[in-house]
Structures are given as C-alpha cells and as structure tokens.
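Presented sequentially are two complexes of chain A, the first with chain B as partner and the second with chain C.
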Partner chain A sequence: MSGFVFRALEGRIVIALAIILGVAAVVPALNLLTPPDSTFHIPTYAMSLMGKYLCYALLALALDLVWGYCGILSLGHGAFFALGGYAMGMYLMRQIGPRGVYGNPVLPDFMVFLNYKELPWFWHGFDWFAFAMLMVLVVPGLLAFIFGWFAFRSRVNGVYLSIITQAMTYALLLAFFRNDMGFGGNNGLTDFKDILGFSVQADGTRAVLFAVSAIMLALCLLLASAIVRSKFGKVLVGVRDAESRVRFLGFRVENIKLFTFVVSAMMAGIAGALFVPQVGIINPGEFAPANSIEVVVWTAVGGRGTLIGPIIGALLVNAGKSFFTGAFPEIWLFALGGLFIAVTLFLPRGIVGAIQHGYKARQALKAAAEAEKGRGSAETVAQAAQAAE
Partner chain B sequence: MNTIAETRSKSLLYLENVSVSFDGFKALNSLSFVVEPGELRAIIGPNGAGKTTMMDIITGKTRPDSGIVLFEDDIDLTRKDEADIAQLGIGRKFQKPTVFESHTVWDNLELALNRDRGVFGTLFYRLTPDDKARIEEILETIRMTARRNDLAANLSHGQKQWLEIGMLLAQEPKLLLVDEPVAGMTDAETTETAVLLKEIAKTRSVVVVEHDMGFIRDLGVKVTCLAEGSVLAEGSIDFVSSDPKVIENYLGR
Partner chain C sequence: MTRKIAFRLLQSLCILLCLTCSFSAPSLAQSGSDPKPLIDALAKADFSETEVLLGKLAATGDTRLVPALEAFNAGDLYFRKADSLVFIGEAAGSSYELIDPLTGASAGQAPKNAVTKIKINNTLRRAIRSALGGLTLLSPDRSVRLQAADALLRSPSPENLDLVETALAKESDAEVKARMEEARAVSLLPSDRSLDEKRAAIQTIKSLGGRNALGILNTVAGTIDPSLKPDLDAAVSAIQSEQQLWDMAQNVWYGLSLGSVLLLAGIGLAITFGVMGIINMAHGEMVMLGAYSTFVVQDVIRDHMPSLFNWSLAIALPVAFLVTGAVGFVIERGIIRFLYGRPLETLLATWGVSLILQQTIRSIFGPTNQEVGNPSWMSGSFPVGGMTITWNRMWIIVFSLTIFFALLALMKKSSYGLSMRAVTQNRRMASSMGIKTPWVDALTFALGSGIAGIAGVALSQIDNVSPNLGQSYIIDSFMVVVFGGVGNLWGTLVGALSLGVLNKFLEPSVGAVLGKILVLVLIILFIQKRPRGLFALKGRAVEA
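Now for the complex of A and B:
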C-alpha cells in the first residue's frame, strides 16, 4: 500500500502537486486577506472562474486515465460530470428549505410550479450532505459500471465505443430536459443558498470551494499517478497498444477496462460536484455531446497519456476561451476548431507530450555523444600506449 | 492400434473431429490432432489449411461448430475464454510479433510473469527477488540481458519475435503454440530460434506452425501436414515430405 502511493511521487508529479496545493493556499489568501484596491487582490468572480477551470482540469484528468492510458476514447465523460453536478445540486436545492419563492419547506420551487404533491423517492436523503457526497461518487460510478459491463464484455472497441458513449450522454440530455424526470427540466437546479450552513455567495465560502477544488485535483492526480505507475498501469498501456496480447497473457481485459472506467467516472463526478456551487447552476446543457467533445480537445491539446498535460490543456483552453469570448466573441468557435486541427497536425502528442518527447530525444542524443566520446578517449589511450612502446 | 480412450489419457491436448466454418467456408473439417506431454510438434500446410484457425480454437478465440477439444484429459477448452485458457497454461505466439511497444523489454516480461492477474493484485504488486531472478533468467534464455531497458519498439523484428517467446516463457505454460516464429528472420536468427525452441521443449510441449522447411528440418521432430481443414499426413519430415498427397497439395512437384 505504501509502495502504491510512494511510486506515484515521480519527479514532475511532485512538482505539479506542489504547484496545485500552492495555488489552493495562495489564491484564496489573496482574495480574502488583501484589500480590494491592492494590486495583488484577486476578486471573487475571478477566483470562482479559476475554480471552474480546476474542475474542468479534473474532468480532463479523468478522461486521460481512460483515453490516454487505456485507449478508450470516451465521448461521454460530460455525462459523469453532469451527474456528479446534479447530485450536488440536489443537496443544494434541499438546503434552500422555506426560503424559495413559493416558500414550500419541503418541495423545491420547480416542483411546486409543476404541481408535485410530494418529494419524489430519489430526492430523499439528499438533504444530508454525507449522503449527497456519496451519491456524487456512486451515481456516475454505477452508470459507468453498468455501461462498461455490457460494452467491455461484448468487446465493443474503438470508434463504436466512442459513438455509444456519445449516445449515452445524448440520451441523458434528452431525459433531463423532461420536466417529469423530476430534475427541474430545462432550467435545471439553481437559486442555491447554503452549503453546510454557509452562504454559497459569501467570499469565504467561495474561497473554501476553490481550495477544495484544487485539493481534490491534487488528490486525484496522486491517485491517477499511483494507478498508472503500478503494474496495473502497465497492463493498461498494454491494453491500449496490444489488447489481444494482454488477453492471451491471461488478463481479464474487460475487468481492467471496467475498473478504470469506473474510477474515471467517479473523478468526473467529483469535478461536476465542485463545479456546481461555484457556477451556481446545473442544467441539462451539461450533458450536451459538444461538452464531452471539448474535454477531448483539452486532453489532446495538453497531451494525452501524461496526466499533467490534460490539466494544463484544460486550464489553457478555458482561459483562452474566456479571453476570446470576451474580446472576439464571433471567432471563438473557429479558434477552438483551428486549435484542434493545429494540434493534430503539428503537435500530435500535445504540449506536454511534445516537451517530453523532445527531452527524451535530447537525452538519447547526449547519451550517444557521450558514448562516442568514451570510444574516442579509449582510442587516445590506446594510441598513447602504442607511442610509449 | 490404441483405443481412443488410451490416446486421450496420456495426451496434453486432444482434438477430435473439430469442425468450424465461416460463412459457409469450412476452415476446419473434422480435424483430429493429439499432442503428448513434452512433445515438440511442427505443423505445415498451404495457406488456408486451417493452421491459425486451429490455434484460435485451442486458445478460445474461436468456438468450434462441433468436435471435442480437451486439455490435460478432462478440461473442455470450448467452454473457456482466452484469459481462462492462458491461466490454464496455454501460451500463444502470434504470426506478427506482438509485444508492448511502449514498454521496456523488462516490463514486457514482468507483465507476462505468471502472477496474480486481478485488478487489485496488479495495483499493489511489488517486484519480489524471486520474480526478479526469474526475469533475469528469461532475459538470459532469449539473449536480451543487455537490452533489458530498451523500449520494445526499438527492437529489430527478430528480437521482437524472441521477446514474445520470452513473454510466453514467463507465463510458464504447459503448452506453447508458436505461429511462424522465423518469418522475416535472417538465416542465422532462424538457426538460433530452432535451438531456442528445442531448449524450451525440454520442459514443456510446443506446437510450431511454420512454412520454412529448412527450419522444420533443423527441429527434427514429428510433423503434421494440414490441408483444407484436416490432417493430410503425420510423421517424420522425410516421411511426410515424400507423401504424394503432401507433394501435390503443399510442396509442389
């Protein structure tokens, strides 16, 4: 067990963890402790925006585990993210209590509006924080388990698997749009008031949410690193590169994929749960197939199969998106499309992948030069010996 | 003449009247074939004779339409899948060398090692001194000790073939199925591979499918010639290669 964690602490992972944890401490401190007119002050809206990016980064990390290491291109990871978000949203709705527009102490506003007489059975328990947090993991995990059980057992692979993951998130999108599903239909869940008794609008709460997002990202990075550096992780890469070889070595490929897919879905659920209180709303739009595809873009831009790359990719692309949508709103989508084409053409390994590859190539070159020099000096010694004779 | 029951009781692998067809094409046509413990057997035959299909059936990749496939007398292989069969002790080398290209030679062997293959077993696996010694030993056998830290992607074609054989050894199988091990190898590599396979066959049964008649002669073992999904002839290489049916179907005049 200690070996499992210890192995995870490879050089660049330690650096990334240190940076993420540093950000978790510094950003909230600058928000809370500096006066608003100070140059170092980070306004709350900016902090929440960054918190949102961190949630996206966690989602991209989750995708990297299945896509980058196991070769499963999931085009439906947004679904797990949204389900985690809905679980958190349901808790937040129940915290509103009688403060809603209709003042019903039990039923959220949209239920009163839609003439619900009592709370649907699946809303029970969500007033309890621990239960809701459990559901943040269980609901996406269970969906991933059921989906993966059938898909991996019947050996659905490659583009076919991608298409059905896309269909899965689309089906959920349609379902959640329906008012009689009991999740607020088109409008989703919003007007949140408290989380654990603290106002979700308050600077202090926002700061804590930001810090928790960063810490969860760090923990998940640590877990993902431990997984990919274990023998299991090597088997994962084996599944990606030569699935039949893994199978003929006696491994149960379907179990390996299932485990990874479920862990990844749970990480995506955590990301969604932290996203919702920071943006203040969750609606069926989060299930949109385009969202899941965007996650693939972030991961590819950063460098799949590197863990750190997708985090960087998600942060960069989203920061770019915020900037471009403000500065040049009409060209943002072209910029995103162009970016993906450019990365595919010129940086097929992504940013971190390209750096890693360049570094390795230089190392190899250096080693070769060293060997050459070694031989050279051996020759000089031999010549010297000859001269001495 | 031995009765069928007697043949079965001392066999490691026993196939009787196995048939399978794909879209009406009979890939195997009531094929019967027995491998005894510790035997090294060569299989020859023209393209489409059913050599690879036979391996697919033994390793659980394909289910036969009819017939009996038994391992160690009483294990029905037609009811098991690839992972089960690999765990029972049947290893398979593919026609095209299939190794994990983005792993080092060492990691390739470590993954192949016959240890707990479950999710949690592999998550918390630690390399023990025993396992280390075993990998060193295999590296020695396949003559790749010096290349242990190289990525498998950087190996030559012949070395990949050998690494794959090494991975099969790490699996500690009772039966090794080897599909065209010397395809694309130089003459020197071919000769060395024959030595390696003979070495391996000392401790387990090996079935080799090969087209290279010189290589089969080097092996000097019992040969089975397949054609159109069934056994055409079986015996020593000289006996089989002088059989008129074999000459007509495979060797050519």
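Now for the complex of A and C:
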C-alpha cells in the first residue's frame, strides 16, 4: 500500500518535470518560430508574464519545503526572494555602464542623483555575472542561516517564528526604502539594458529567460523531491509532526531545520533573480509582508506538503489575479479573500492534497472490498478504513 | 537704525498678537476720560505736541488704543481734511478704506486726496513704543498685563526697563509680578545698570530657565562686564543641564505617547491572539472599521445636529464598539470556530477576511483619505515646564490606559472574564463545568474586535483614515503582543510602553526609520532569548 503511494508520487514528480521541461521548450519556440499572426503565436509579453508565474511557482515550492515538510511557516520568504532579486538587479545596473541618463561610467543613475561620490563597497564585484549569481544564493542563504541559527537554537516555534520572520521582512522593507542604504531607495533598481551582453528587451533574451526559469523550477523540484524522499526527508516530516519526539530520538532538530530553511531561502533567491530581468524592476515593495503572506496562500491553495501543489497554486492564483485585475479590478480582492477563506475551511489540504487524499481513500476502500471478498474479515475492513482516514 | 526700527515693529507685533484675544471681548474697564478727542487732536499736532499727546494717551490705560497706535507706528494713521477726524487708513485701489481708530468699525472710503497722513519720526516711534508698552503693562486687565510681560520676556530691550519698573511698582498680582520681574531682569542685562543689579538679574533669568533664557544669556555674554562672567557661565550651565532633563522628559513623553498608540492597537489583539490564540490578521481592519465608524458618525452629526460635534467621539465610541464587535462576532461564528487548534490556518482565513473588509470599505467610501475632525478639546497644547504637551496625545494616553484597565477588570473580576480564562486554559474542562464554550468564544472574539474598533476611534484623530489604515498597525500590534508575552495583558501594557519609549530614544540619534528597524531587530533577538515574551505565562504546557 505505502509502496504503491510511494511509486505514484514518484510518477507524479516525473510527469510534472516532463510538463515543465516541455513548457520550457514549447513556449519559447512558439514565441520565436511562429509568425506574429499565427494562432499558435505566443506574444512576448505573455511569455514574460508566464515566466513571472514560474518564478512565483519556484518561490511557492521553496516555501512548501519549509512549511509543508518541516512545519516552519515562514512569513518572510518574500525577503529571500527580494534579496535574490536585488543581487540580480545590482548586476543588471552595473551592466548599464555609461548608458544611464547621467552617463556616469561607474555610478548608476540613482547614485549620481543622490550625490554618491563613489560606488559603495557592497556594489563591487556585481559587474561580474558569476559573482552576482553566487550572491543570489549566498545573500538569502546567509540571512536564512543567521536567522535560523538563532531562532531554531532557542526553539522559537510556531506562531512566534512566523511573526519574527514577518518582522524580519518588515525591517528589510523599511531598510531598503532608505535612500542611504545604497539600493535606490523607494524607486529600487530599474532601466536595465543588458544581461550577459544581450538586450533584456529582445524577444530572444526573453525566451531564454523563460526557458531558464522553467528549467530552474524543474531542477529545484527535483532537488526538493530528492530531499523529501530521502531518509532525511522522513526525519523532516517527523520534525513537522512531533518535534519533541524527534529530538528525544537523538536528532539535532535545529540543524535539520536550519539546513532546510537555508536551502529553501536559496531557492527563493533564485526565483527572485529570475523574476527581476523578466519584470524589469526590483523595488522595496517586494519585501512587503503582504507579499510573503500571499505566497503562503498559493502554497495552501495548491496543497502544502505535496511539492506539486504549490506550483499549481501559484500558477492558478496568479493567472486568476491577472485575469481579475484586468477584467474586474473591483472584485479581485473579494475573490482572493474569499479564496483564502474557502480553502482554509473547505480544502485544508489544498487542491492537490485533496485529490491525493481522495485517491488514497478510494484505493483503500477498494483494497478493503477485495479483502472482504477474499476472507470476509471485518477486522481487515476496519483496518483499511482506518488507513483511509 | 532701520534694523532697530524693524526690531521694535516686530516687538509691537508680538504684543499685538498677544492682545488680539482680549479684543474679542472689549475691555470695559477703562480709567477716566474718553480718548477719542486725544486721538483726533493728533491731526493738527506738530511733532513735539504729538509726543505730549502720546503720553496722555498712554496715561488713559485704554487698551482699545493699541490698534490706532500700531497703525500710527506703521504710518497708516490719516486725518480727513474735511473734518480733521483721525482714522486708520488701508489703501484700497485709488482710495482709502477708513477705519475708526477706537472701535475698529469701517467708516467708509475716501479718495486719496481727501485724507492726509499723520507724519511720524523716530522720536515719535519711540514714544509710541513706550505708550504701547505702558498701555498693556498698565492695563487693568490681568491677562493683558501677563501677556505684555510675556511679550517683553521674549524680546527684551533696555528701553523698556523704565516702563517695566513703573509697572512693577504698581503691580499687585503675584504671578504677573513674578513675570514682570523676569521681564525686568532680561531687559536689565543689556542696559547700563550697576553690576549688582545685573548679578541679581542673572539669578532671576537662571530661575526662569528654558531655551529663551539661554538665548538671552548667550547674546549678552559677549558684551557683559568680565566680572560677571563666572555668574553668567554658572547660570548657562545650570540652565543647560535643566534643559537636558526636560528634553529627556519630552522624549519619555513622546515615547509614552507612541506607546499608548501601540497599546491601543495591540490591546484588541492581546485578546484575539494573546488569549484565544487566533492569528488575527483582520485585526488591523477592525481598527480601520472603528475609524470609519467615527467618520460616519461625524458625517451624520455635521448634517443633522452640528451642535453635538464636540461629542462626536463620545458617540462614536459605542457605535464603533458595536459595529466592529458585530463584525467580529460574525467572523467568529462563520469562519474561525471551524479552525480552533489550527492557529496557522486562522492566519490565512483572517487574512482573507481582511482583504474583503478592505475592499468593501474601498468600494463604499473610495480609496482616498477621509476627513475626520478633531473636537475642540482634542486640539491645541499646553506647556509643562520645558515641554509642550498636545491635548490629543494627552487624551489618547488617558484613553488607552482607561481601556486597558477596564479590560483588565473585566477579565479578572467578572464572571464572564472567569469563564473566558477557563475556556482558553482548558476548553474541555471548562465545557464539562457547564460553560457554554462556543458562546464564550464568540463573545471573546467580538470583545477583542470591539476594542480594536474603539482603538480605531482614537487613532482616527492622529492618523489618516483610509482603507489601508489597518495595514500600518497590524505588524506593530503583533510585535507588541509577542514582545509583551502572549496571553498576558500586563505584558501588552509594558511591551507597548517600553517599545514606544525605546523607539523615541533611538530616534534622535539614528533617525526614525533606522530606529524602527533597530527596534524590530531587537525584538527578533529578544524573542530568541525569551521565546515566550517578556511576561511568559508560567505553566507546564509543553509545545507539541
């Protein structure tokens, strides 16, 4: 029975990977290879929009790893996302070079505007792509490490942890709004020109960015799946469901949590880094606590603890958001609010979780019926029914 | 010379400003003769006669003369050629608007060539100056004298010295006398009086204190006799240290004021989150609903019974409590009761509720800020020693503490409070003791929401009333409750006030935003040290 479920899940991941990679190939192809008047043509803006959704899906996946499997409800995952985005944004700013409005070869426009005399020390190295990409991983990872090191060691749990993660992203929001932080203040970083020598506006670059987003999503899904299917993953679920017991069994719960939290933060950083060139701007608004809560909602809608669910949730909610805000801007918040309430009340396991649960229950009942036919033992039926619960 | 004149003009303006309020109720107490003939005599007088007349005018002690003298000083006093009557003239196109010098009533217009300006020179200006000072310092009205002394205090000049001393000799009221004594001291320092007198004056100024006194001492420091230098320095440092103390007190006050706002915002949450364990993200929206209730109440009052406007907040309080309490009741019965024991999911559901409430308000009232008026007793300020206290902050502190203690009494002393605490501590046991737990849950959530609504009434006085009002308080509220210790009302009080004071003490050195960031970081670190907050509930409850 458990073997069957196990295999089914494995199969599901494979199917998801195949779909994501298929999308990574087909969408850019339809954008680049079909003529604009063809029915199959995907316009660039739509592709960038979908690319944005894929980044959100990756962010939701990252959150699912800590929330769904480790029981850490982070209300500050938007911060890791935004930090990754800022690292990428800084690289893109440096690529503008002397083409800014003020034509300064070293300083980005906003620094000239704010009377900076020289480049702040933390901007050095960001003209080098590899360094910037390293920072996309290191900065969110380091923040998660420091934060988690303190929080998990002193056993800050549940609601308290959620609230201090929210305080963390709120503090960063306030900090990045400050002009003298050297990150462009209110306006953030924008007006990007090139990435690796290719124009960020060009269709080709957009197509590649889309494909990279999809591939990164697939890779991270694979990684997350490998983590949760491993022995470590079993312990992880143990931490989620009965932390004290796992601790009493001799596991170092804080290290397990810390590792997962850091991996998740890095994934969020990657998502942010891919998000920025496709959207064309990163500003402190990304740190807003409301954004992080929205990520939690995507995850909950899709089904936490399922890996696939959050991806589906992020895509569905965001597609819905784009549709509603365009068609009926007035009722979007009603719809979103209603969705949160409906999901928590009626679909506590989320879409994928509910399907999975229903499927398992049916399998169990079927098995029970088989058993009854074979041996007629009421005890087996009761056991099967219990398993179905 | 011109600078001196400008300075004196400024002085007179000061006094005039101080006096405007006393004009609204014309001082009836006048001594002796009607000053009207004296004024009209100005029309034909030469400079020396005018000086005599000014002396006589001053002797009347009639404060109604002040505008006329001010106008004379500014060169706006005219006489009509036809009948030699004197008026204050205001240029209005090619003619003058004539104003009666005593009553301030309009006396029609006159073409420019029908009136003549009454000439003035610097000697006269000095005479006017002292006449004005005399009029006000010698005024029979106590408050006018007080204000005149205050005005002199603020702009000391040796030329007023004689005047002040004359007034001082006649003064009988202790408070006014003390003020005049101070005014005399500040005017004496730059004058050419004896050293002993000056030394005494320094002592008087020292006891006066404040930035103003410091300013006076610093301006005379350069010119003063060297033998007075030690006295002066001692006085300056004494005032400075006192000033620092007051600055500190002012900071504490600002901190308490911010703390009381945090307390107001957090206190409802201390019930819904602290006591019931619901991560109530819709808490901010309850505050917002309370603020909008105030707006609606004020709107109705403005339209139907404007006389009640000063009572609008008192009326809004129960309205806001009932409205938000009812909304809270519905939310609890409709949504939250299905989610007990799953705190993280209450977060999602209540977040959804908050979005819906925000959008509802936005659809009804629009996204812009709504104008909520301050009743008269909420506006203005009063000084306490070296600091200024605004009434609205003062009332908000009083109000938040009142609510806090009322709530505390309800929780600790009433039978409802007892069953509420019983239900939150052990739901099943409470239920088996005959407490209707669902009913208690619903009422408790309604109570928490209602208190948030009341907080909204108060916050509408100091913040913009917009659909986003709640969003700006939600994080602070959670910080306060978590910092203070979940489930402990005292913790919320101490947490709110200490966070407020801490914030205001950090602000001057690092700036408002950085101060707030530091406070957030400190809270995060503090939670590491005490994961259950400042005042953790003691017990054997172990986390899962």
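The definition used in the following text is that the second predicted complex is superposed on the first by the 366 of 389 C-alpha atoms of A that agree within 3 Å, B and C clash if a C-alpha of one lies under 4 Å from a C-alpha of the other, contacts with A are read in each partner's own complex, and residues count from 1 in each chain.
Assume a residue touches a chain if its C-beta (ideal position, glycine included) is under 8 Å from a C-beta of that chain, and two chains touch if they have at least 3 such contacts.
All values derive from a computational prediction rather than experimental measurement.
Shared-chain residue A:177: touches chain C; no touch with chain B.
Once the two complexes are overlaid on the shared chain, A:330 sits against chain C while remaining clear of chain B.
In the superposition on chain A, A:297 makes contact with chain C only, while chain B stays out of contact range. When both complexes are overlaid on chain A, the residue A:61 reaches neither chain B nor chain C. Touch criterion met: A:230 reaches chain B, while chain C stays clear of it. Look at A:242: by the touch rule set out above, it reaches both chain B and chain C. Contacts of A:266 after superposition on the shared chain: neither chain B nor chain C is touched.
Of the two partner chains placed by the overlay, only chain B lies in contact with A:256; chain C stays clear of it.
Once the two complexes are laid over each other on the shared chain, residue contacts for A:189 go to neither chain B nor chain C. Taking chain A as the reference, the larger set of touched residues comes from C, when chain B and chain C are compared. According to the touch criterion, the shared surface of chain A, contacted by chain B in one complex and chain C in the other, consists of residues 242, 244. For chain A in complex with chain C, the touching residues are 73, 147, 150-151, 153-160, 162-164, 166-168, 170-171, 174-175, 177-178, 242-244, 289-290, 293, 296-297, 300, 330-331, 333-334, 336-341, 343-345, 348.
Remark: chain C residues 277, 279, 281, 335, 338-339, 342-349, 351-356, 358-360, 362-363, 471, 475, 478-479, 482, 486, 513-514, 516-517, 520-521, 523-525, 527-529, 531-532, 542-544 touch chain A in the complex. On the chain A side of its complex with chain B, the touching residues are 1, 3-4, 227, 230-232, 234-235, 237-238, 241-242, 244-253, 255-256, 259.
Residues of chain B touching chain A in their complex: 59, 82-83, 86-87, 91-92, 94, 98-103, 107, 110-112, 114, 117-119, 122-126, 167, 171.
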